[in-house]
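Since the structure comes first, as structure tokens, the remarks are kept for the end.
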Amino acid sequence: MLKLSEITKTYKVGTFGGKSLYAVRKVSFDIKDGEVISLIGESGSGKSTIGRMILKLTSITSGSIEFNGQDISTIKKADLKDYYSHVQGVFQDPFSSCNPIFKADRIFEIMHEEFFPSMPREEWDEKLVEALHCVGLNPEHVQNKFPHQLSGGQLQRFLIARALLLDLKFLVADEIISMLDASTRIDVLNLLADLKSHGLSILFITHDLSLGYYISERAVILYKGTVVEMGETDKIYHTPLHPYTQMLMASVPHLDHKWEQKTTDLGGKVEDITEGCVYFSRCPLEGKGEQCRADIPPLVEVEPGHQVACCCFQK
Amino acid sequence: MSEPKKKNEFLYFAMRNGKLKVGAVIVFIFVLIAIFGPKFARYPLNEFVAGGPNPPSADFYMGTTAYGQDVYAQFVYGLGTTFIVGIIGGGLATLLGMLVGFVGGYKGGWVDEVLNIITNIILVIPTFALLLIMVAYLKLRGVLIESIFIGLTSWPWAARAIRAQTFSLANREFVDLAKLSGMKTMKILFREIAPNMMSYLFMTFILQFGGAILTAATLDFIGLGPTQGVSLGLMMNWATNGSALLLGYWWWFVPPGIAITAVVGALYIMNVGLDEVFNPKLREM
Amino acid sequence: MSLNIENLTVYYQTLKGEVHALEDASFSLTDGEIMGLAGESGCGKTTLGTSLILLNGRMRYIRGTVLLDGQELPIWDNRGMDEFRFKQVSLIPQYAMSAMNPTRRIGKMVHELIEARHEDYNEIMPELKRRLDLVELPQEVLKLYPIELSGGMKQRMVMVLSTLLNPSLLIADEITSALDVSTQKAVVEMLAEFRDRKFVKSMIVITHDISILSQVADSIMVMYAGQLSEKAPTETIIRHARHPYTKLLISSLPKVGIKYSEEILHGIPGKPPLLLDPPIGCRFRDRCPVAYEKCTQVPPFLELDKDHFVACWKEFEEHA
């Protein structure tokens, strides 16, 4: 369905734009029909940037993204709407996703106007009510309200409903759970999982590992814009191989048992890596050596459905 | 849910907003005076109808100047001129500022840089030097020319302010969502971003309006103003030249002063009111 | 007894009326206790935390007493609280990280803060440096601007600052929400270390992430819509919660190991009530699966087992 090949995004930084910073570096993975992939990484690791490149909100510096075989950078302005009728996004902050001076329903009005200009109002209203029911909202309770009169969970479901009005194939869900309360969180997660079982593919961006585990088949672990490990969720979570993933897994707070050891190495200042392994300065592995500093380790398959980018796992 | 209903809602809240109503009424009164005032003038404008200064009386509603001109006539015609300068000058500046600010703030990149350079150039060009050149060429200058000149030279401030606002709004997620809905750039600018800045744009207009009036008064003072007619600014300057302040001819300089202050002040109050109408959160509290 | 709060009630004054954000809270903390305060957004956690240090703008003190180390805190009196702030009670506010003035060097900020508390900067300097070492921040941070620090570094800086004068009570409001798991872990471990080193006697750690609390808190208190629901030792809350709200809350938490395809978790249906005009009686009534007639009266916050406080009629009945 969606295939990312070596996509890279650099930003010019510094006073005169002299240096360039890699926000995303040679990231490749693909997402199949009806699959949920979680994209996990710390703040600033480039998760949102990947999502935005898929949504064509940010340009791709190099590499390509294919949607059903078509390179999305070749989509012309006129065909963009067609692309957006299959690929949509929902973002972290539901409140800033709504124009604060208009009623929240206006997001649906816009959809009507832009995508279904010829659909008669009655038919549209029916469609809308159906979408709202689908996300578990009672239209009477939520329509005709301003964003701040709704709760975060309701609004977030509004935004999902907006995407469902289309013939949706792929959804970029960028931290859509993190602003919600524990008790509302799970409802939105269940909703996503339910949509997935109807064939929707989802890129689930998060930094909360337990949420990622709950709904995804595969996980991609991102560190400083680079994929350090990816594969089936179970394998990643239960037998993490990359030292970064291992550290992440050890830091997950579990309700039923306490953190084992105090291993948290926070790393010093943000440095600019151009060569070698991105994790080199924090890597605790015994096997690390000059090779890690010299070459960027490629992703290698260590077992079926489990890839890791670490010099210690090269054949 | 539909468009007209939403507009009615703004209107509904607008009608209930005290500040907006007070401001609008004051401005409206002055507009009425400017339009209908001349009909009641008993003496022609700027003619020396009395021998010298006269305090207000039944004959001269607002007294006469030190040279014996009817203040009332000057005031009502001057008010009209002032509104014209404010609306054309301020309006033009706001429009140009909006255009440059919106496009620069939203598009970013090189478009923004080019616009920024142009803005800065206009900012540093000495307005008066430009004016002197113009004066040399245009022997007869009317209010219209003056307004356009003011409009063309004072937009950069507006552009900068609007650019900054647009930039911060353009990076909000609702703009991304609008893009994901396939909305065109212009539509996003005018339907998503501009409405959020309504009160801000209005505020800019007010500042430009007031600024235009004051600039016009300054120009009038140094003799670069219109060669015909009268404006509130000119009145104040004549009054100063005629030592009205020293000699206690209050009826000469107080009315134009009050009128300028009242109009700009009322617009400001309207702005605060509008902010409440447009911002549903403020409306609730 | 390090902290003892009795019937603390704080409202917000608004044009539409009073928001009953904290109603008759009574609980206590022992020396060395780290208490987690959990509950959904808007239930009054920040209100409870901030009322112990500064009643801001719209907050109105209604009733109640706060005893810290046997001394009554005059929380209704902003001036009177001056001598307690930072020295006895200290707060890391929600969003403290983003609240740092970005145009001011950190060292300068520290300086001003200490002066404002009428303490001698030079005298405190060595201790400040020791503590920076402890949290593994290089001394150079004092020369940097807040934007030059990562989230974790900022949070550690704020922690060092707020505990510099060894307060008796530290209130940490949502200090981990914006961080990723590994940084969260480091920050939370540091809290425990501060307590172990006696920089602070006891702490109230506010968060809605219960799994974080389960790692460091000695006890957890759960709030719902401005009322206290339950307080008990951490293990007890997680395994043997008695209040219906706590039970539902705990069961809705996803954990690593639970997959949608294997086990579907459920949220709590319904919405919390508006605090402008809260329902009388137990405020959880509308969403409570076991509510009955009695619940139209406010349930008291009673100690059912040792150190296990609950406010629920149904539980009282079962217990009796």
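Chains here go by letter, A, B and C, matching the order in which they are written, and residues are numbered from 1 within each.
In the analysis below, contacts are C-beta pairs under 8 Å (C-beta built on N, C-alpha and C of every residue); 3 or more make two chains touch, one makes a residue touch a chain.
The structure presented is a predicted model; accordingly, all values stated were derived computationally and were not measured.
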Between chain pairs A-B and A-C, which one is joined by a greater number of C-beta pairs in contact? A-C
Of all the other chains, whose mean CA position lies farthest from chain C? B
When the C-alpha atoms of chain B and chain C are each averaged to a single point, how far apart are the two points in Å? 52
Hey, how far is the Cα centre of chain A from the one of chain B, in Å? 49
Taking each chain's centre as the mean of its CA atoms, chain A sits from chain C at a distance in Å of 31
Which bits of chain A are touching chain C when the two form their complex? 41-43, 151-152, 181-187, 189-190, 193, 207-211, 213-215, 233, 237, 247-249, 251-256, 258-259, 262, 264, 266, 268-270
How about chain C: which of its residues touch chain A in the complex? 40-41, 136, 138, 150-153, 178-186, 188-189, 208-212, 214-215, 238, 248-250, 252-261, 264-268, 271
Note: in the complex, chain B contacts chain A through residues 1-2, 6, 172-174, 176-183, 192, 195-196, 198, 278-281
Under the definition above, what is the set of chain A residues touching chain B in their complex? 52, 55, 57, 80-81, 84, 88-89, 91-93, 96-103, 105, 107, 109-111, 114-115, 143-144, 146, 148, 159, 162
